[in-house]
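Take a look at the structures listed below.
The same chain A turns up in both complexes below, where it pairs with chain B and then with chain C.
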Partner chain A sequence: MTRPGSDTDGWGTFGVTIVRGGATALKDVTLAAPRGQVSAVVGGDGAGKTTLLRALVGRILPVSGRISAPPTERCGFMPTGASGVWQDLSVNENFDFVAAAHHLSGGALADRRTDLLEQAGLTGAADRLAGDLSGGMRQKLAFCLAILHRPDLLVLDEPSTGVDPVSRVDLWRLIAKAAAEHTAVVMATTYLDEAERASTCLVLDRGVALAHGAPDKILASTPGTLTSGDAPTGDPELSWRRGRQTRSWHPGPPHPGEQPIGADMEDCVIALTLAEQQAGAA
Partner chain B sequence: MWAMILKEFLELRRDKRTMAMIIVLPLLLLVIFGYAANFRVDSIKTEVVGPSASRVAAQLKAPFDVTEVEAGATESQAEDALRRGEVGVAVVTTASSTTSIALIDGSQLFTAESAVAATQESGGLLKPQILFNPTLKTSWVMVPALVGLIMAFIGTLVTAMGLVRERQTGTLEQLAVMPFRPSDVIVGKIAPYFVLAAVDLILVTVLGTLLFGVPFAGNVLVFALGSALFLFVVLGLGVLISTVSQTQGQAMQMALMTVMPQVLLSGMIFPLAAMAPGVRWIGYILPLTYFNMISNGIMLRDAPFTSLLLPLGVLAGMAALVFTAAVLRFRRDLAPSMPKPAKQAATPAGAAS
Partner chain C sequence: MSAVVLARADRVSKRYGAFTAVGAVSMHVGPGEIVGLLGANGAGKTTLIRMLLGLTVPSDGAVSVFGRVPDRTTRGRLGYVPQGLGLWDTLTVAENLAFAAAAFHNHEAPELPPGLQAARNRQVAAIGLGLQRQLAFTIALAHRPELLVLDEPTSGVDPLSRARLWDAVHAQADNGVGVLVTTHYMQEAEQCDRLILMSRGKAVASGTEADIIGDTTALEIDTDSWSETFAVLDRARLPVTLAGTRVRIADTPRDVVERALAGDEVAATIREVPATLEEKMTALDRVATTS
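Here is the complex of A and B:
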């Protein structure tokens, strides 16, 4: 069950099972969130990423397992789609409101606000209504609000989804800085290149953890055999396009004459998902 | 085109609230306008006082419904009965004259009009004297009721819309993970609407008295107490509606479904006394009915506090009930989702992601 814990306990979810709407949304999922590190949660639509993050910040109670997190005032949460921003308030007013909730005021708030606005490239938009900002600017504002009080645990739900490449770079810079300041960062993402940059990665599929660990270890544990070519080399159901190339995958070791390639995180997640589906079908 | 029509029907079928409105609204309007829309009052509670009270009481015909005959009571006592709202007409008889004075409560507009018409047809038995609204001005009766209607509008509709906006934009979820106590969020969300409605209440009351010359005869503190209780009821309704609505459109639909019956059945437009008993009881479960009794009584009749204990008590009960329910539901929205038994605990299914 959820309980405030110290970082010596290790924050995260441990063997957590969550039931939503009568169905199991997460089954026995463990995700450690060490301080100073970025932990990524990846998976397709309906994998359970948002459920896991909401459980971590205490919005959903598990039926079993343990959740350890700092008290509410030491957590920062950025919900998906920049919905943590009050659109009828200006950027500055958003800052003022969240700061008041965390009892931040005076010079400390002024310095922090200036610093964050500058890092997020929002200095010129400080007096604009949040609802009038572009999607990327709103996402960055939502991030700034989540981190305003220097939380010990920062939980980000797809912070870069729908954000242009330049804003993504800005966001990643902010995320990396937060981790460097000893914050435990947990983020869900659909961008697998982002997951490769994280310290640890959890791959979810339909509520089940397919892999958990350092990205290079996950890549090294890619199941089956992966090949690349101009056309599918086996079952088309087990092939997918990557740029101009087609990836093909099959379980087990390479067939004679096959030239396996090394998987990146995207290939690895697809291979893990296909392997899980095949195991389920069997 | 057929695809478009089919899609529209499919969407409508799934929008249960709109479907309910399509089915319930015509029935509601039919019932209201069939049984409640009646300006003619056929029965007026009447007290007869003075030395010839028994004789005159025996001579009175409909719409006068003699409920009390007090030969020993004075004109002043009869006026007090009107002030307390116990009767609509008080007939003051004398020993010498064959014509008695019919004191008529002008704060009950349609009752008073019926009473005046009946006195003119009494063959010289009654001479009308209208109290509290001598020229039977509609504005004098409408302004006290309008005060309540505006509070109901702001309290229910505007509050519900404001609270749902927080849910619709997803910031309610954000508030729940911020270091606020549930009471901070609830009070913080409701207090501005309470203040706005209170400001509107003062504005409409002051403007009503200045522009239309509506008197404010009674006790301001009792009026403030009644208004505060009524505000708690309508604000509670607004909060309750917000907890069962996902969008502002849904909230507006539901709020209108609570405000509209109050406009039509609270006695504000159609007199409660003229409604069929089968519909009148609906009026008696609506908070605006009781606020109208208070505002009309205080502003026009200087009704004593004891005579307003019933509407004040009913509003207090409603406020406690509705506001408690609203706060409990709102707290539930801020609390973590509780696990529900799995149908297929062994088979993981897709989650919100």
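Here is the complex of A and C:
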């Protein structure tokens, strides 16, 4: 295991296995985190997203595999929930506290603070207590604090969970802007539409990578055959509803007369999960 | 649409002092219908739900559930899964089920689904969010409600489990149960028969996803360097966003984008594409905020 690494080698986790409390939390997981790109880690609760992100910023050590990341002071980390924000401090005081930790002061800090507050739509809330902000505003504050020192690697643990759709658009713009400024951004999300908008995506399920790559490549590699109709065509356990339509999936090539459809990320991840379950049962 | 209405709000308002949480909103849910309530935090969704549950009294207008003013009787005929799931953390799965059964005057607690059987004697705090959510659903459905009210039912759930929850919701709707559901997942809008978009206490749009988006378009911009294009449009203070390596911009006239790009001599191909529901919703929210 090596860290810190240089970005010429490429940052990320490579074949990483992590054991926590005697159980394997992550098994042989690789996630590349190139500069100037948003890499998304997608999965539900317990998939291993937080463990992977914490390992990437050096807070958990793997039992095997390699982690490459900038030195800790060049990483920005936004933990899940609002835990990166001090609720009893005002927005400005939160900025002051984090700035002091990074030895930022003077005109450079003043300019950076003004700029970030404006981008996040928090200028009018600078003197409010963080605990009094709405969920969306608090998440945007947490994002600003994570990026205040212009890190080379920005790691965001579910920045948009529980955030309403309108604030989510603002947050996504801030995230994209960080990548446009050449930061390597890694974000965990439960929203598949966000994963689809990232440059690369890692799909995690119970500590195992179901897929890793550009979203269109992941879609193209959807296993088995997917069809859509008014009712399940095969095993109901391998069917799911999408509005008034029902998707049916089976692991093999199309049966005669079947009209397969292309998968979107939702269908693809479900098909990957079902295929993994079948492989595990076999 | 069925003539029977399970839940109805008729120009209903709720004010707290000078603050209007819900302002003259009308909506209805019929049997077998899945109606999605979408909006930013503070849009008034939860206040509207609380009025339908009989937990908050409207300041103006009327709400009715099963044709009467919401009270304990109407509550007994509807199933509710709150965002926080409404379970007792220190009780076991079986105790939670028995407690809810007693509250609804059910003589027998319902059977647990197979996934929960093994956890029946475990404390709810120790069973994980996925099983907790299954339990909250089991409890909400145990008294065979005619109307289901679900507040963010799938937050944090993996895609397969989310699909299974929606399968359960559709099965209820297929049996004639009306469903009112709030969600932050725009993709889940497709699971609903009808949507109501709320912003700043008002219903700003309603209908199917296609009805609401209508002919609204967004612009997708292909260039050699998405980051440079993004930076140029961001500096021009346009509402720019990113989709993979394509830059996208909604709610902005094409000539404004062209001028911004030309000013920085960025060569780009601009395509007009249908807006997403999220983009339409953001635009409607902006109008509601500035009006």
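As a convention for this text, the second predicted complex is superposed on the first by the 281 of 282 C-alpha atoms of A that agree within 3 Å, B and C clash if a C-alpha of one lies under 4 Å from a C-alpha of the other, contacts with A are read in each partner's own complex, and residues count from 1 in each chain.
The definition used in the following text is that contacts are C-beta pairs under 8 Å (C-beta built on N, C-alpha and C of every residue); 3 or more make two chains touch, one makes a residue touch a chain.
Here the structure is a predicted model, which is why all the values come from computation and not from measurement.
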item	value
First, second, both or neither for A:Asn92, with chain B first and chain C second	neither
First, second, both or neither for A:Asp193, with chain B first and chain C second	second
Which of chain B and chain C A:Gln278 touches, first, second, both or neither	neither
First, second, both or neither for A:Gly46, with chain B first and chain C second	both
Which of chain B and chain C A:Arg168 touches, first, second, both or neither	second
Partner chain in contact with A:Ser221 - chain B first, chain C second, else both or neither	neither
Contacts of A:Ala23 with chain B and chain C, given as first, second, both or neither	first
Overlapping contact positions on chain A, where the chain C interface meets the chain B interface	43-47
Chain C residues touching chain A - in the complex, by the definition given at the top	38-43, 128-130, 155-164, 166-167, 170, 184-187, 190-193, 226-228, 230-231, 234, 239-245, 278-279, 281-282, 285
Chain A - residues contacting chain C, complex	36, 38, 43-47, 134-136, 161-169, 172-173, 176-177, 179-182, 190-193, 196-199, 205, 214-216, 240-244, 266, 269-270, 273-274
List of chain A residues in touch with chain B within their complex	2, 18-27, 43-51, 57-63, 72-73, 75, 77, 79, 81, 83-87, 98, 101-102, 188, 206-208
Chain A-facing residues of chain B, complex	169-171, 173-174, 176-180, 336-353
